[in-house]
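Worksheet: the structure to be examined is printed underneath.
We call the chains A, B, C and D, going by the order they appear; numbering starts again at 1 in every chain.
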Amino acid sequence: SLPAGLNPRGSIAAPFTPFKDNGDVDFSLIPTHIEYLKRLSVPSLFVNGTTGEGLSLTTQERKKITEAWLDNKAHFEHMIFHIGAGNLRDSQELAAHSESVKVDAIACISPSYFKPQRVEDLVEYMRQVAEAAPNTPFYLYDINFMTQVYLSNPEFLELAQSKIPTLVGIKHSSPELNSLMRCHVMDNEKYQILLGSDDTMLPALSMGITNSVPSCFMAPLHNKIREDFTKGDMKAAQHTQLQCMEIAAIRAKYASGAGLFVASRAMMKMLGCDLGPPRLPLVPMEPSKYQSLEAELRQCGFLDILS
Amino acid sequence: SLPAGLNPRGSIAAPFTPFKDNGDVDFSLIPTHIEYLKRLSVPSLFVNGTTGEGLSLTTQERKKITEAWLDNKAHFEHMIFHIGAGNLRDSQELAAHSESVKVDAIACISPSYFKPQRVEDLVEYMRQVAEAAPNTPFYLYDINFMTQVYLSNPEFLELAQSKIPTLVGIKHSSPELNSLMRCHVMDNEKYQILLGSDDTMLPALSMGITNSVPSCFMAPLHNKIREDFTKGDMKAAQHTQLQCMEIAAIRAKYASGAGLFVASRAMMKMLGCDLGPPRLPLVPMEPSKYQSLEAELRQCGFLDILS
Amino acid sequence: SLPAGLNPRGSIAAPFTPFKDNGDVDFSLIPTHIEYLKRLSVPSLFVNGTTGEGLSLTTQERKKITEAWLDNKAHFEHMIFHIGAGNLRDSQELAAHSESVKVDAIACISPSYFKPQRVEDLVEYMRQVAEAAPNTPFYLYDINFMTQVYLSNPEFLELAQSKIPTLVGIKHSSPELNSLMRCHVMDNEKYQILLGSDDTMLPALSMGITNSVPSCFMAPLHNKIREDFTKGDMKAAQHTQLQCMEIAAIRAKYASGAGLFVASRAMMKMLGCDLGPPRLPLVPMEPSKYQSLEAELRQCGFLDILS
Amino acid sequence: SLPAGLNPRGSIAAPFTPFKDNGDVDFSLIPTHIEYLKRLSVPSLFVNGTTGEGLSLTTQERKKITEAWLDNKAHFEHMIFHIGAGNLRDSQELAAHSESVKVDAIACISPSYFKPQRVEDLVEYMRQVAEAAPNTPFYLYDINFMTQVYLSNPEFLELAQSKIPTLVGIKHSSPELNSLMRCHVMDNEKYQILLGSDDTMLPALSMGITNSVPSCFMAPLHNKIREDFTKGDMKAAQHTQLQCMEIAAIRAKYASGAGLFVASRAMMKMLGCDLGPPRLPLVPMEPSKYQSLEAELRQCGFLDILS
């Protein structure tokens, strides 16, 4: 069972970090971002993750961004804060800070320059991070296509359950449904497994998984899929699911790896929400690619997502 | 619409090629294999694919194996024969032979030593293969984790539809549901997309895909998932789907790549159906691994699959 | 020590297989190819390898091509024939044929669709192939960037030496110098290790390795590097080595994987030797890429290689 | 030409960061480390790189470690400090700090969670880092097998030369000799290209490259190879080069990726220099592996490296 007060329903979307042209964080754009998150019917947030370019930020910047979003918590049901950094000590510092400012929950990514070689090493790393926030619900943040860390999540849960008392689940952005489902059912669905893919909401629902952490512009589609699935209208759910897949496939034609998040930032701009460029080493899409992506997305209805 | 007479329902399982200890094909074991396929409620077959070690066989052997299975066609609704070889000319020869012996349908894999660099090159290759069997329904056989050919299946269908008149679908063993679904819906579900993964039957069903080509011991589980899903009993479907996932996950602990098919052969032996060793360069599982795999599979009910 | 009569000196270049536009082998172009091989000062050949698209040929075609080159053996010191196919039985048949027509030596690649999982499995596979030509010197053909088989060559030699009596060496197209050198020194330089990379002749020479199997247009450069190195003129050797590296780097900008061999075929055409298109699934370079590649190669002197 | 005063000769070894069992940096072990570096005839240092687990350290820790090594600069000819962090801002802060404490030179790695997609993006990233230390010689630190960033170093130099006035070279830990050599010769050997591999000193020397940044226990072997090569004693150079290859191959049997650096730390302990465990997510070698590695290394003479 989850700690009292943390029961995210539906989509927990990942916001972007707004930047100025000089690369500084642009706090002045957070209200604009929030306005769009609300228009996109996003109930909860996953802050400072990959979409938020958390790993391109310093610990001081992350603390300030955490506080900036917390100042707006009235707009959202829950906020989960990603506190994983490239190294253990910074992750611990961010975990402690998050607890001090009373966040709902934290999540931590595996380091990826030096990769843990065994599940038990990842567990020990996460145990030491979670220990720095002993009263805050803790999620593992697994996103193997970015970290190239391919360790077993079900094995992680089995080993971690007796060692990390605050463990409540996994933000499962790795695409393997097999792993997702076996984590979901473990110990009578003890853990909360958050689907972190944009384009498998309906397949995941078919297996009993309801929460997702999509790109924020996907949230209304995920919401609709869940509603139609619950009503038993499979045709409608498939129709919307297919639209998610088309959008994801178009984006994948223009970008891979870290580029996906550059494209997603561009897609927010297409919807009217310009949050500035990404931070180096990422750079904005070239104008010709941007226009071509926009043209393809228009055809599949993406630009009407807010209407 | 599919050519008259080809409408596979349910599971189209992939049989093994039986071998003697000296590496020769052991035709004498085909009746035993058929007995087990029937006990596993397998209605249709996909012959000489990866499970059948088709790419370790000579063209002459493949022709004889094709004929041996065709001699038993009364036992099955449909048989699809994989005729793809490592090169174009052998694939054409096998296609022509298959048509001459009047198979239901053929499928062809991409060459993988020399990989096609663009979708149009794959289409042209497949066009020349399909042309050698101009009256036989043709499937693309896509299994990217073996071939390392990662071309887009939806793009393949778009380009191929005007060029390959016999094209009826894809045996989609690549795991990406996004690709599977977009192929499925194309042109009013014009093509038959066969799910080639053991452990995503229910997710695929949620998207309207009903046919699968599982490991043959998975067929009864796929059958049950389809029945329960059709009845609307999602809990039961999830339960069986989970068992598929557990079996697949246990197998994956012991094997990867080509080793998966060695493990599957061992798993048939555990069920009582010993079809001999694989052919070199594959070798049987070491006894200690075999026993350990069997012990884990026993725990999750795999050994009761026939009872 | 090598079997009497096999002592290749210098470059053992890899010829192309000429094709007609309809994909048939074009035997009529072999004399043209030989003329160019002689102009390129190529003393010995490695036939039906990757450059020769051996794995896109049927066994019958490979036999005929073998015989066609053998008919011209007066032009060359030695010819090594690659007899590896995608499967064991075809490889054995080709080995037996090569022995029957009295080739100097054979080489065999690992199968790569089904990959051997352990060095001992590769040894057993090669043992059964070599056994089919019991009087013919045998080389392992290792080219890991094409096969994705990454097994240890020094371990192969250690295990194989007591099992494959005809084993004489390795055509070592995998780029790892560490492996190359450790194989070279084993058992008092018992084995002949043929450098299979275009752009590391001088580094290999520095370690005592003298034979190479380059792209045929690289042969004159490798020859010159060896001469200058032997004379002790390191500056001159470095100068030519650098030209090899520039040519290889330019080619790599335009092609990777199987595309490298498409580019090499195009580069022969630039030198005046048009051997037709590659066979499907490979296709000729697009004209605009061809022209751009030619322009870059002209700048680094590649087009003067024959003058 | 390099800035006055920076002309490293021979080996520039990479020291480890000593840790306590609780994961804290153990500054008290630096004198022990220095004693061993001197016994290993290490003239210069590359501090806080991958061997030093720089990316597992916080910026504060890295500053303190930088200062601790600088306190000992009398023992060494030159010290280059790696100041690259996972993000731009921390890298800039470390660069500025390094300049403020007057280091000889700095080096910066590419970020690897968010990977630069194009060479020009990497150049712009590095430009902004180098700008924070406008009076300090700057090296690119390229180690593609750790970062999975595979951008062209020669293209980097071409683009960067007009943009990064402090650029003096590359610590080239990526193994491709082609890249190494083309960088070395550019603009009349304008840049200093430091060989960052343990096992290709002689091949690099054959191409005119003299500096290396080996694992510190490899330094005496690299020194000897250089001496023998300079004397023209190629046999002796090959003999020592082969020993480097054997040591590297044995280590590679026990470790890959980040594990290589865990094994190297264990190898220092085998020589008598215990610098504590690595920091999480890395963990010490299991005792049985340690013993087995030590036994193999003993056989090839590694344990006599200090005698």
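The working rule: contacts are C-beta pairs under 8 Å (C-beta built on N, C-alpha and C of every residue); 3 or more make two chains touch, one makes a residue touch a chain.
Since the model is a prediction, treat every value here as computed from it, not as a measurement.
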Contacts shared by subunit B with subunit C include exactly none
Max Cα-centre separation from subunit C goes to chain A
Taking shared numbers over all numbers used, above half giving same and below half different, the subunit C and subunit D interface sides are same
Distance between the CA centroids of subunit A and subunit C (whole Å) is 49
Averaging C-alpha coordinates per chain, one finds the centres of subunit A and subunit B separated by a number of Å equal to 35
Among all residues of subunit C, those touching at least two other chains are none
Per the touch criterion, the pairs are A-B, A-D, B-C, C-D
In the complex, subunit B touches subunit A at residues 154, 177-178, 181-182, 185, 199-200, 202-208, 234, 237-238, 241-242, 245-246, 248-249
Residue set of subunit D touching subunit A in the complex reads 23, 53, 55-59, 61, 85-90, 93, 110-117, 121-122, 124-125, 128, 146-148, 257-259, 261, 279-283
